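Should a chain be cited, it is by its letter among A, B, C and D, assigned in written order, with residues numbered from 1 in that chain.
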Amino acid sequence: MSRIGILGATGYTALELLKILARHPQAEVTTLTTRQENSPHLSDVHPSLAGLFDLRCENLSPEDVGRRCDIVFCALPHTASMEAVPQLLDAGCRVVDLSADYRLSDPGVYETWYGHVHTDPTRLSSTVYGLPELFSDQIGSADLVANPGCYTSTSILGLAPFLAAGVIEPNGIVIDAKSGVSGAGRKPKLGTLFAECNESVTAYGIGNHRHTPEIEQVLSDVCGTPVQVAFNPHLMPMDRGILCSMYPRLKQPMSEDDLLELARSFYQDQPFVRVSSQIPATKNVAHTNFCDLSVRLNRDQLVVFSATDNLIKGASGVAVQNMNLLLGLDQTLGMLSFV
Amino acid sequence: MSRIGILGATGYTALELLKILARHPQAEVTTLTTRQENSPHLSDVHPSLAGLFDLRCENLSPEDVGRRCDIVFCALPHTASMEAVPQLLDAGCRVVDLSADYRLSDPGVYETWYGHVHTDPTRLSSTVYGLPELFSDQIGSADLVANPGCYTSTSILGLAPFLAAGVIEPNGIVIDAKSGVSGAGRKPKLGTLFAECNESVTAYGIGNHRHTPEIEQVLSDVCGTPVQVAFNPHLMPMDRGILCSMYPRLKQPMSEDDLLELARSFYQDQPFVRVSSQIPATKNVAHTNFCDLSVRLNRDQLVVFSATDNLIKGASGVAVQNMNLLLGLDQTLGMLSFV
Amino acid sequence: MSRIGILGATGYTALELLKILARHPQAEVTTLTTRQENSPHLSDVHPSLAGLFDLRCENLSPEDVGRRCDIVFCALPHTASMEAVPQLLDAGCRVVDLSADYRLSDPGVYETWYGHVHTDPTRLSSTVYGLPELFSDQIGSADLVANPGCYTSTSILGLAPFLAAGVIEPNGIVIDAKSGVSGAGRKPKLGTLFAECNESVTAYGIGNHRHTPEIEQVLSDVCGTPVQVAFNPHLMPMDRGILCSMYPRLKQPMSEDDLLELARSFYQDQPFVRVSSQIPATKNVAHTNFCDLSVRLNRDQLVVFSATDNLIKGASGVAVQNMNLLLGLDQTLGMLSFV
Amino acid sequence: MSRIGILGATGYTALELLKILARHPQAEVTTLTTRQENSPHLSDVHPSLAGLFDLRCENLSPEDVGRRCDIVFCALPHTASMEAVPQLLDAGCRVVDLSADYRLSDPGVYETWYGHVHTDPTRLSSTVYGLPELFSDQIGSADLVANPGCYTSTSILGLAPFLAAGVIEPNGIVIDAKSGVSGAGRKPKLGTLFAECNESVTAYGIGNHRHTPEIEQVLSDVCGTPVQVAFNPHLMPMDRGILCSMYPRLKQPMSEDDLLELARSFYQDQPFVRVSSQIPATKNVAHTNFCDLSVRLNRDQLVVFSATDNLIKGASGVAVQNMNLLLGLDQTLGMLSFV
């Protein structure tokens, strides 16, 4: 039984982490943190967890947390994470960081997109990118795993098979991404009020969404040539779920069957990617760690669809997948199997 | 053509007022206020109004607004309203106040429920309560009309016929009220975030919701004897609409037909109350100034149902109805008829 | 490992049963039925289950199913169930029946409310009512368990502590129940179309909803005196969840604290009932087998709130709870614990 | 005052037509049809219209309707419309056809996409396409107007300025269209049940949606060269609204400001198209006849956004706009102005 901590326990990703860990046979959550001084009981912060944990959220230093835990999930905002992670590692625990701080390998790219100088730049190039479908062999032995962004992993999982096989052009890939509102976090803002989002669909962050360089970096690694995407996120009136509709150009004409077969073959050993001839719907992956994948030819335009639950496969589920790999466990433990 | 002003133009009630007034043949909106200093254009505050008004929201004093307008809708928060209203009246305009500040006739009751001493107490007893279905004869000649609360008017319209006829007991009336989220206003709060409200139903303010004394005051006036209700508001995952399911005790057994007939007769001259044998649905009154009404006998328990759009009949629509009466116009002008 | 079958695998309750059983360490689903002739693969019927089961839905007789399985969940419509259940039992398996056919102990009451003569009347009086919080000692040794209705169990769990203690009047209890749309099933109907239900709240079945006699029967058993309720179901624009707001009359004044303490004591050994001073929200119990419970005093009117997920604690979760008891397992197995 | 009829009064487009016509100063609805034999009262078919019309829906022949009316809105399904329209015209009335039957000028294209031989092919080439922003000069004198599809007009209005100016390539235009569920009509189907659509986003009809040839035909007319699009519709969990995110390739680099200016200039005389630097949201056009338009450059990829209410600007609002033009009235009458 490993001792687990969560830095920043009041948000939605922490909530989903805790729901998964409540069922996990090899993980015992021992430590939760918040910046609030009054040490609220977890069931007051997240009433849905009442009866599952008898824990308080404490205002603890990263060192204290690191000493108490074997694995720490860092669910702090970006910039806060790069302060805490070195302290956690120094204290001797291993870390899955859910922020964006360790995802980009180049500190200059980080500074460009996040508007902050990175204070822990030397660690960037050696941090493992925590998308197990692509990098599982590097994750097991790591001390620090950078958990991917939700749009990022959904986009990457859809495009990787076709870029790796070299059947699509690596540039000019249009990604039309549609996300539920929980992706915007739990901090009260006008734009995420119910009466603003409900019965509405809109786009945002066109050209400047921070998942863009992350998608391009990982996909460039996958295919060994620079990948360039036009990433276009949209906000949907639903709690959770991401559907990416992606429009790459085929280098040569191919049939839908051949494209599906290529994707199936690419993911044949991956328990959490489901390739199907049916177009995915976010409802079918909600509350699961699955990524559903399909393709269509719209005349000669290839369309790749991928769907995830942004809070699970897009955040907390893949984080537990990474934890399992860190601990040498089956990556599905606690999510599909329970032995 | 009357000159219209709105104090506090950035909220949902102001938005709905403006949508109605855009179509009104006898009202010209001339003045809008906000506490923001940068005088934002209305179409930046409410993008849905682009092309309908070419106005800015200005940081103006109530006196200035009063001098520029014939009628002012005061859409300020409570306590702010009781400061502005005397100044508006002194400046010579007539006022429809959408806050709670002038609804309760007894300043002591106000203080008990709102936790503030009323600073304009002498005006309370002479202010007209702006529910035209009950008080239209007093509204036309008033200078100040207190626009009812959304739960209040929905509850009152449902119960008034039966209390006035003396067929139900005036005490122990259970009101189970269900409202859309827009009723909570446009200020960002955790509890009204999309990802908190969506896919959830809950109750709040049991025993201390401020619409309670307002319902009791008006219904007591209607039937000439003290009325006592247990008012229980619930939050629904939808933008707008209120359904009140009300459980009074019949003094004598009556048939559904007789009860419906009693309600139809009570509202026979009222263009905005629709009595039907069908149970109302909030969708059928959404974006309208109608209140739909029906009854059921559940064995010997009477159930009265009333439904409104909380932003229209519950706020901005009834406010225009009141404006029409102040101006000596047909009360339906701009909402049902246009001549 | 027990062999599990589901009769009627295409609906929402079967879908939720399968999601739970996919995680259950002691249950292996072997048999699924449908009336469709083409034996569709489960992942075509329920795409969300792809990768979890490799099973087809077959058009099998109850006898065949009974012979292949240790436990069968019967998720057929009422009247179809009373034909299948005797055959299942004769074939030697044990049955959790999710229809209404075996819930009422009096065949005359069944005929009155369901409009059909019961064809298996002699079995009614001996069938165990599958609400483990009240009847767990009878469930373990049963061959047939009548799984409760969703509104029923939510209402009963809220009222039982207070009726058992004799602190509320057993008659005239108003139940204002609010349910998500999945409760209406998966058969296409005008009234459950998205564009009809969304952004709408309404009531239905006032005075004739079939969960009424079930609530009264069980609660009368609980307190040993006839209980009479006015049950008023409402339809909410959400997928899942029930909130019951219940208005019984206290026999004597009591404090909220004493009422809560009474409920806590009543459920002290029940892992799936959470009594709290906070008003429950359906979101906090969604996708769980919990029933959340609280009380409020609205002046002198007691309000009891109970919330469940209508598809889990209201149907498929409690069915697995019953299965665990039939198998002599911990009732939380597969839902809270996995050992 | 013109006498107005609606063929097929039970669907959502008829409902929205009636809501608009209820406020129209020059139109009197006299005749409504249904295939139901019992002549239901309109308020039973559409409870939201109670109190606005005292009309029944009758099973009348097109000839009878044509003789009673000056203008008939034909809201029948495709193929039914091409049978009724000739009879309506022969009876002497003018027709706005909301079906797809008269939108495509080539009967062969119709047969290819709709799978039916057109029975009134000679009329196709002379029918006016009822998109007033492009064809208002032809509409006024027409007897038959083919009202555009909802996706169609939203897509066309967004792309037309740029194709007409020749600044984008006319082929390979990716349209990612997102629609509310009301676009799928009011006939009960599994796929449009609340519990299937809610909390879900998916795509459908990729490569075979029937609005494709309509978009291509009209845009080819606009720019005088064949236009080819990849049209990709998606279903959103909301009642109404369409957002089209469109990805054409610029022939030469241009700035966002120049692109916006081009669109503003193209629509300078159009009261219902609002060009803005803000990305449109469907909520801002809901329940209005506006089409909101904006552009973004995502690095060098142009993105054009257009948003409408699919039931208003996408169907019933533009139909009234067409009626106004047929009657020689201001096209905004009854929708923006009332004089």
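Couple of notes before you dig in:
Note that in this section a contact is a pair of C-beta atoms (placed from the backbone, for glycine too) under 8 Å apart; a residue touches a chain by one contact, two chains touch by 3 or more.
Remember, it's a predicted structure, so these values are computed and weren't measured experimentally.
Comparing chain pairs A-B and A-D, the larger number of C-beta contacts belongs to A-D.
Using CA-based centroids throughout, the chain positioned farthest away from subunit A is B. Spacing of subunit B relative to subunit D, judged by their CA centroids, is 36 angstrom. One inter-chain figure worth recording: subunit A and subunit B are separated by 45 Å, centre to centre, where each centre is the mean of the chain's CA atoms. Averaging C-alpha coordinates per chain places the centre of subunit A 40 Å away from that of subunit D. Contact of a single residue of subunit D with at least two other chains is seen at positions 180, 196, 198-199, 237-240, 281, 283-284, 286. The residues of subunit C lying in touch with subunit B in their complex are 172, 174, 176, 178, 180, 196, 198-204, 206-207, 228, 230-232, 234, 236-241, 243, 245, 247, 279-284, 286, 296-299, 301, 303, 305, 307. Residues 22-23, 25, 43, 47-48, 50-52, 199, 271, 274, 276, 278, 281, 283-288, 290, 292, 336, 338-339 of subunit A are the ones that touch subunit C when the two sit in their complex.
Of all residues in subunit B, only 12, 180-182, 184, 186, 188-190, 192-199, 237-240 touch subunit A in the complex they form.
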